[in-house]
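Sharing a structure here in structure tokens format.
Going in written order, the chains are labelled A, B, C and D, and every chain counts its residues from 1.
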Amino acid sequence: MQLDAEKLLSYYERMQLIRLFEEKLAELFTIGLLGGTSHFCIGQEASAVGVLAAARDTDWVVSNHRGHGHLLARGLEPARVMAELLGRSTGYCGGRGGSQHMCSMEHHFLGTNGITGGGIPIGTGAAFALKYKAESDIAIVFFGDGASNQGTFHESLNMASLWGLPVLYVCENNRYGMSMPVERACATASIAARAVAYNIDTAEADGSSLPAVLKASAEAIRLVRSAQKPFLLELHCYRHCGHSKNDPRVYRSRDEESQMLAQDCLKQCEALLLEHGVSSEMIALSQERAKQAIEQAAQTALAAPYADCNYARGGVYA
Amino acid sequence: MQLDAEKLLSYYERMQLIRLFEEKLAELFTIGLLGGTSHFCIGQEASAVGVLAAARDTDWVVSNHRGHGHLLARGLEPARVMAELLGRSTGYCGGRGGSQHMCSMEHHFLGTNGITGGGIPIGTGAAFALKYKAESDIAIVFFGDGASNQGTFHESLNMASLWGLPVLYVCENNRYGMSMPVERACATASIAARAVAYNIDTAEADGSSLPAVLKASAEAIRLVRSAQKPFLLELHCYRHCGHSKNDPRVYRSRDEESQMLAQDCLKQCEALLLEHGVSSEMIALSQERAKQAIEQAAQTALAAPYADCNYARGGVYA
Amino acid sequence: MPEGKTQYFYSQAVAQALDEELARDENVFLLGEDIGLYGGAFGVTRGLFEKYGSKRMVETPISENSFTGLAVGAAMLGLRPVVEIMFMDFIALALDQLLNSAGKLHYMYDGQVKVPLVLRTPGGAKGGYGPSHSQMLSNLLVGIPGLKIIAPSTPRQVKGMLKAAIRDDNPVIVIENKRLYPLKGEIPEGEYLLPLDKAELVSPGNDMTIISYSAMTPVCLAIKEAVLGVGLDLEVLDLVSLQPLDQESIFTSVRKTGRVLIVEEACKTGGVGAEVAALIAEHCLDALEAPIMRVAAADVPIPSSLELEKYVLPQNDDILHAIKTLRDY
Amino acid sequence: MPEGKTQYFYSQAVAQALDEELARDENVFLLGEDIGLYGGAFGVTRGLFEKYGSKRMVETPISENSFTGLAVGAAMLGLRPVVEIMFMDFIALALDQLLNSAGKLHYMYDGQVKVPLVLRTPGGAKGGYGPSHSQMLSNLLVGIPGLKIIAPSTPRQVKGMLKAAIRDDNPVIVIENKRLYPLKGEIPEGEYLLPLDKAELVSPGNDMTIISYSAMTPVCLAIKEAVLGVGLDLEVLDLVSLQPLDQESIFTSVRKTGRVLIVEEACKTGGVGAEVAALIAEHCLDALEAPIMRVAAADVPIPSSLELEKYVLPQNDDILHAIKTLRDY
């Protein structure tokens, strides 16, 4: 995957879009327009954008509870994602799913998932179907370091390896599962190290570096597709925000946070753009475009109607 | 652990006892005196006897569905184990538990378990309690190759490693989980290889060789007890019998079976006894003692009464 | 039972349904432990591996939760997995994927996906299998939104309904029963499908309604014969579908007889029988001439001892006693 | 609510119970995700880690099935684990250990072991949390032999019962409720314990019995006030204990009023409400002057949208409508 200035700028803009989308959500929470809970991926945008840029549009994506980045990186419309979060009928799931249960089959996006580790077997099953039908698409499953402690991780990776399923497991290791530091939750130094137990190849990359993510995932996806076997890619990243709303982050130091903020993926990407000869003005313009898009999306979403009573109580069976 | 002729003979006799116990069960099945189902460990006696000979009487044992060997090696009375299988009130659990759910707290035997992989967290919890109370006993958990594919294996080993729990995981790898060859069920060549994913030390040993089992488990138990951390011991063994009653064993060849029978743990042990200068007569005498013990046990068990209706319907709460 | 026609075992009926659907639609595949050469713990799938090979007959490691989840994912992409859970007791391990994925996805993803998954599993006690291999766990499943649940009691029912379940676009749990497998019954010639939401009035009668399902239905039919002699004419209604319940058939029968006994093999508390009783108490109260009674397993684990097991599972005497109580009320 | 006395949040009452029991018995320890410095997803255990340290406040990896099983093993050796499952929706992952271990061991091992395990978990919808974070799953648990299940509705209840649960030698599931956590109520001074098997007649009345539990009890009490104006005197019975059910209290109330409405937040089908209705229909039929009605959540997943959620969960209007129907019957 060649990385010219134009491409880089477009990825940057998408990352920016994700960041601003969530900042807008925070705003809506604060003024009481948004209910429920949701999990921001602020700081992890490069991972979502990088992996999905390396994938085909027809590959199938399974996400977890921290899925806004994956959704927007996949090209879902911000207005409809926002509408879903706001519970409106124009949302991708008509308001039924919300942040943790959002799906768009049109985008080959098999859903975010509110059960930690719950999406791992589902994505593995998608890969099973792809192999069964001899299609060349693969499945891509996003999950966190914490999720690697669920039995589903172990059971699914084992089956994927045994059966040669075309699935890329992407572990976004952001060092914490909620408040739990990965060192206190996983008995190994890395998540990738666990794949040995299933005879699965792995790679690790800096998840805050867009080029590193692009490179590692392009390579991994190529392998999965050509060799028809699973691969585990561990991306080391960091969420600058709390786990969910109202997280005072007592489990980590402000020092650590500011160190990590200095390596923020967006900042890194800006520096890289300048290196590639993209001017500050063009970067600012790109930021402005993203900002406009989000403002527009929020307005559209907020203006949309709710579905009605019959819609809420019906439709449980196909 | 020193292995003199006398000790060896006593272990041999215990192995013999287990073998004859199950052969007696087969007889009782055939003539219709025994109902339900149960899983014989014929061929795996050295593993049960060796590991538990290396353990303290106060260490806590958790077993699986294939537990007769573990029960008898632990010193439970054959008559009462048999009574339990026959559903009599003199059985260790009054007939409520049967083969797959038999416990004797007096023997620090926390139970056989009918759910594949179900005993692994329970044994891990016993180790947790031992550490919590700063006792020097350890927990020993028996399970099979097939069980290592359950999520509980992964989740439990991870916690045991993180928290330094004194637990010896003994995987009796008999090459099959029911009809499933281990190569088609586990993506790694050995079960021990999986422990890397939890930073747990391991050893493998020939489970058909009593001295090998004794040596490996003595070493493992010493480590677990002194270092207060888990260990996984994989014992390569073979069940000469079917998985349970009525198993025509279509999934493996008679050839393989006869090769494995040639390495039968009892046969190996007999050869060793002769090497150690124990005469054929003494071996025959030992066999005879075991035989008498089992005949006696069966008679006692068959003569015992059943519990009554109130006993069946009551006692669900402590 | 009419003479002369071919009788098949319940287990054969299941196998026929699987065979026909495997042959008909190549998106159908079976997934489970030891379902290949071994033929499953109860021999139900015997012969299918030889016929369809390892692509269509997928033998899994012992990983109930994830192979069920894998089937959900495969179903979302258009395959039609038929999962076997070897004993119903093990379904608790897979419950998260049934509750939080299979049953919810179609609704919560706003109809974008279908989950045409079938999960077959034998419940019930076979005699002496003990606490972890004998349970009828219908109670755990009924009430999970989005699942269809059937518990056919005859070879004819199970064949036609299993085929329909495989073609249905929703997750369907098929509760088989170890004690039914070796029972024989007639199966119609040629292909047929049966609806997934209908109770079956297996034997009309006037004096009292007996509602049952799975292996308790043949028991109740035998009891019907037995009490004919004392002049009692029982109506036996087999629920067949546990979710959705065929309320109309239930209410019609209750309104006709005014007396109801519900017989099930599951534990008494919190089960299908309770739901049926509650529906009747809401919708047919005026028709009732006597209390609604339930005969079910005692609320304790099922002991291994064959002798003790009897005292825990519903016995003929318990049913007869309840019938007498209702008659004399 | 009497003035002047100290009022505590429900969440504080839970914390007080945990604190007192941790202090009293060093075999008591807490086990769960993020229960340490973070204080649990709802802040309930905040402060306890600082006080009791990591030996007594054990933070786990995300491994619900195995840490529940681990607690079972620890309980067998005499510890008294208090497990927290962060949202009740996740309990399905741990169900095997509850069904096949915790609930069965004492019985099937013939009384040789006790399993003094407490499992606390918040059920219910908080508003907009969506299909996997909002369920009241009492339906899944009631009917599992060997478990005790409580669903206290007030700070006073939850404190006294949680303490009793921790001292009980059986596995006890404590269903808390996200909507109850921020509600205040009086708590008696000094130490007290409450029984685990008693319903509470929270407000006597003559015209109709409303049976509820968990967060629906305060809702029903408010409705009682609201309908007093139209001359209806409701009796509100809080089940509190879901297993075993306090049948005597239920029957006494029904025999007094002759009219029953059961209100619960769980899905309607197959739940606690069904069991209560079935028991009444078996034991108090003659006392009934109207059908037994139930108001509960619709049998669908709980949508995320705050607007849609309302149509799925039981609303005041649904309850009022049912009350009117019963009155006019």
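Heads up, the rule we're going with is that a residue touches a chain if its C-beta (ideal position, glycine included) is under 8 Å from a C-beta of that chain, and two chains touch if they have at least 3 such contacts.
All figures in this text were calculated on a predicted structure; none of them were measured in a lab.
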Touch-network distance, subunit A to subunit B, counted in steps:
1
Most widely separated chain from subunit A, with each centre as the mean of CA atoms
B
Would you kindly tell me how far, in whole Å, the mean C-alpha position of subunit C lies from that of subunit A?
41
In whole angstrom, what separates the CA-based centres of subunit B and subunit C?
36
For subunit C and subunit D, let me know how many angstrom lie between their CA-based centres, rounded off.
30
Two or more other chains in contact with one residue: find those residues in subunit B.
94, 96-97, 101, 114-115, 118, 149-152, 155, 158, 162, 184-186, 315-316
Two or more other chains are touched by the subunit C residues 61, 63, 65-66, 89-90, 93, 96, 100, 104, 107-108, 130-132, 145-146, 299-301, 303-304
Work through the pairs of chains, note which ones touch, and then classify the graph as line, ring, star, complete or other.
complete
Touching subunit B in the complex, subunit A uses residues 149-155, 157-158, 161-162, 184-188, 193-200
Listed in rising order, the residues of subunit C that touch subunit D in the complex are 65, 89-90, 92-93, 95-96, 98-100, 103-104, 107-108, 130-132, 137, 139-140, 142-146, 243, 266-267, 269-275, 277-278, 280-283, 285, 288, 290-294, 299-301, 303-304
Residue set of subunit C touching subunit B in the complex reads 33-34, 36-38, 41, 59, 61-66, 89-90, 93, 127-133, 298-301, 303-312
Residues of subunit B touching subunit C in their complex?
35-37, 84, 86-88, 91, 94-101, 113-118, 146-147, 149-151, 177-180, 184-186, 247, 250-251, 306-307, 309, 311-316
Would you pull the subunit B residues touching subunit D in the complex into a rising list?
60, 62, 92-94, 96-97, 101-105, 110-111, 114-115, 118, 120-130, 132-133, 139, 151-152, 155-156, 158-159, 162-163, 315-318
